[in-house]
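Just so it is clear, A, B and C label the chains in written order, and each chain counts residues from 1 on its own.
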């Protein structure tokens, strides 16, 4: 019987994407199904047979990773405009003169 | 330290509406056609007519007949070094003389203005808000008098770029009259943030032109503080980028003192990451003149105490392949590992040595001290090399 | 009386700042590394990163100045960071514009060695079946000169390319003739075991500035065990060949590469010592090759990666010790990564670039005219998988090859900024992709990175290098030199 657990994340604080990206990092030792409830995102974890870590440890690591992914999403969305500006400048032929920013 | 200017006694002063510039000649038999632009430096013996002016080192014997209508002055002994191909500027009223070009010097520097839009804590040429256009006007007249064999001409200030197009014209003039002479302009670089001005600069197409631009930190706040101007760092960097986009040669200059030494290695890394394409980096010791003296308590740090930081900085720059020089330091205050970058650099009219140096076997390889440093503040660790 | 203002007058007026694009990875309980688009790195306390993202970082925080200088945050009045970041990003990707530089010509499959890790050679005298013909070479050269790259490197491989020296001569002479018009920067390399080398061949190499790259797996017993040949004297012949080649071509025209096998893993110091003894100035501590182990289980792979990482870290430690003793000797893989970490340049190593260098960085022309996206693609074909055989020099056009669906798909899946896990990895600027490896081990060009030994190995190396340079100034200075070798 494979060990399982369920992790719940508040939709108001984390996105489906955040949880998905976080869970993906652990697929070498467990399988994860992420689904969306009314107010929560549900993460069903089933450890692989060969996994040597405890289900508690895996849960804790996934939770931390979700926090990190949420931070990354924040950075991404806050910096999207300036990132596009930088890349546009980097790949334009005319160079960087007279940036209005 | 040489004196580059002196009062003179006019023996005969023809009225002038501006200063007079002459190339110096000791040759009384100079071909006639050349004499008008020359001043004859009379050491002994005869004078001959036709020169634009006459400079007497000794008293003039009463039997000498002076050509009429030209300026004749008596120059004091501190200008004994004057020789052929030097250029002098006589005041309108002939009461003073300035030596504005010395052929024997590899480091001639032409001051274009004392105005500046920065106000550096350690400025050795404190800015003055005056109308000193006459300086650039004199420079324009100087250029045709400089010998074509001159290796390099430096233009300094204040901030030369305040002249805008007039500066461009001056540099173009230098290119035309002195096509084999390298030109080095000192500037804070801010005006080049205007792409139009950078383009004008590039359009000179000078064969050997470099602009030396100070950057004092990788931290904009520190740089702005050192130069006492808000937004200076950002403008300066954008200016450098504009120049580089147009393939112009840029040197970065860093004066090392208490406010810049803390982040000196980080500045080196910043240069290697962001401005790797600069042509040269000059790391300079503090000259104890002008504002540097007023602000000495905020600025002074013994170079001996930062020698390891200097080594780390030079190592980083050289590892990344950036041509680097260390100026204005004494050999006994630096680590041996920077010797490949060490330059014996203090201008020959400014440099001196201490009592302790007379025994030093490496004195000839050492740049010595600024006169101002010798007088006011220098390292406490000056020791002769005895072997 | 003083007109001078204090430093505080020039500090940011308002406490707030704008974030610039960056990513981060937790290193341990206390520290996080932040990296940005341009590959700048800063190791920070965990709390600092949180404060940074939450806009609560104080200007008095010791990290604030560095974060601003390295372009992780900016003030609204800072305009130059945009220009500088764009410049640095453009510099990183500049090589893409030049396109294919390295062109590998497999002039013969014949070889007298029978190295177990080699997938491709044939112990045979049959020239007709296993040698490249002039017709094929001509068509391959057409494709070489179609590349827009100003510098073109032609590398001869095999089998043992010296066994078809006539073809090497042919290609070199033809390429140079074409280059009188094309005016590129041509370079030639022969990857050879040096066993068949003769003075006459070396003279030709000298005349045409050809570089030699040979195999040197370590001390004699290890090398000969890895590389059997009749006479059991592969090592002796290699050493002899190196000596002769150096005499004729010059010391820096001869380089050596090792192949790492299970037997190599406990012998890293011995291997490095041989390279030192022979006067080489660097060594490439290569990973174990997965090719030929088609049925590896994941645990076997993990075990191998761990053992290899021990091998690598011990080797690196030893090399750093050597450097601290005053001898300049570098590790090549670390150098490639350090170039990406510490400069704005990309060394263009085809197996660690983004997108991968398959075809667009290097391409392989097989003895029979087959065109392959990389050397590994050729090896896969020998094992029965022709997925990355892009065409044939005699029947495929340049467009057929470079615009083939398979190649484009592989390239796209190697673009780290748009694949799972890589796209949110802080080490992305230093990493790359190896679609051929992932195809071979997982049957998918992208691969599942959490299960990928490529990923695990590289992440471990990034963190290890970071730890080393953060903890010791001398190491940091040594790494700075390695970063600037390219």
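Here, contacts are C-beta pairs under 8 Å (C-beta built on N, C-alpha and C of every residue); 3 or more make two chains touch, one makes a residue touch a chain.
Keep in mind it's a predicted model, so treat the numbers as computed, not measured.
Peer 1: Could you name the chain whose Cα mean is nearest to the mean of all protein Cα atoms here?
Peer 2: C
Peer 1: Measuring between mean CA coordinates, which chain is farthest from chain A?
Peer 2: Between chain A and the rest, the longest centre separation is with B.
Peer 1: Let me have the rounded angstrom distance from the C-alpha centre of chain A over to the C-alpha centre of chain B, please.
Peer 2: Chain centroid spacing, chain A to chain B, equals 59 Å.
Peer 1: Approximately how many whole Å separate the CA-defined centres of chain B and chain C?
Peer 2: 49
Peer 1: For chain A versus chain C, what separation do you get between their C-alpha means, in angstrom?
Peer 2: Each chain reduced to its C-alpha mean, chain A and chain C end up 30 Å apart.
Peer 1: Taking each residue of chain B in turn, which ones touch at least two of the other chains?
Peer 2: Where chain B meets two or more other chains at a single residue, that happens at 241.
Peer 1: For chain C, give me the residues that contact two or more of the other chains.
Peer 2: 79, 83, 87
Peer 1: So which stretches of chain A touch two or more other chains?
Peer 2: In chain A, 96 touch at least two other chains.
Peer 1: List the residues on chain A that touch chain C in their complex, please.
Peer 2: 21, 24-28, 50, 64, 68-69, 71-72, 74-76, 78-79, 82-83, 85-87, 89-91, 96, 99, 101
Peer 1: Provide the residue numbers of chain C that touch chain A in the complex, in ascending order.
Peer 2: Chain C reaches chain A through residues 18-24, 26, 37, 49-50, 53, 79, 82-83, 85-87, 89-90, 93, 298-299, 420-421, 424, 448, 450-451.
Peer 1: Give the list of chain B residues in touch with chain C in this complex.
Peer 2: The contact residues of chain B facing chain C are 119, 121, 218-222, 224-225, 228, 230-231, 233-234, 237-238, 241, 263, 266, 270, 272-274, 276, 291, 294-295, 312, 315-316, 319-321.
Peer 1: Along chain C, where are the residues that touch chain B in the complex?
Peer 2: Going through chain C, the ones touching chain B are 2-7, 9-12, 38, 40, 65-66, 68-70, 75, 77-80, 83-84, 87-88, 343-344, 477, 480-481, 484.
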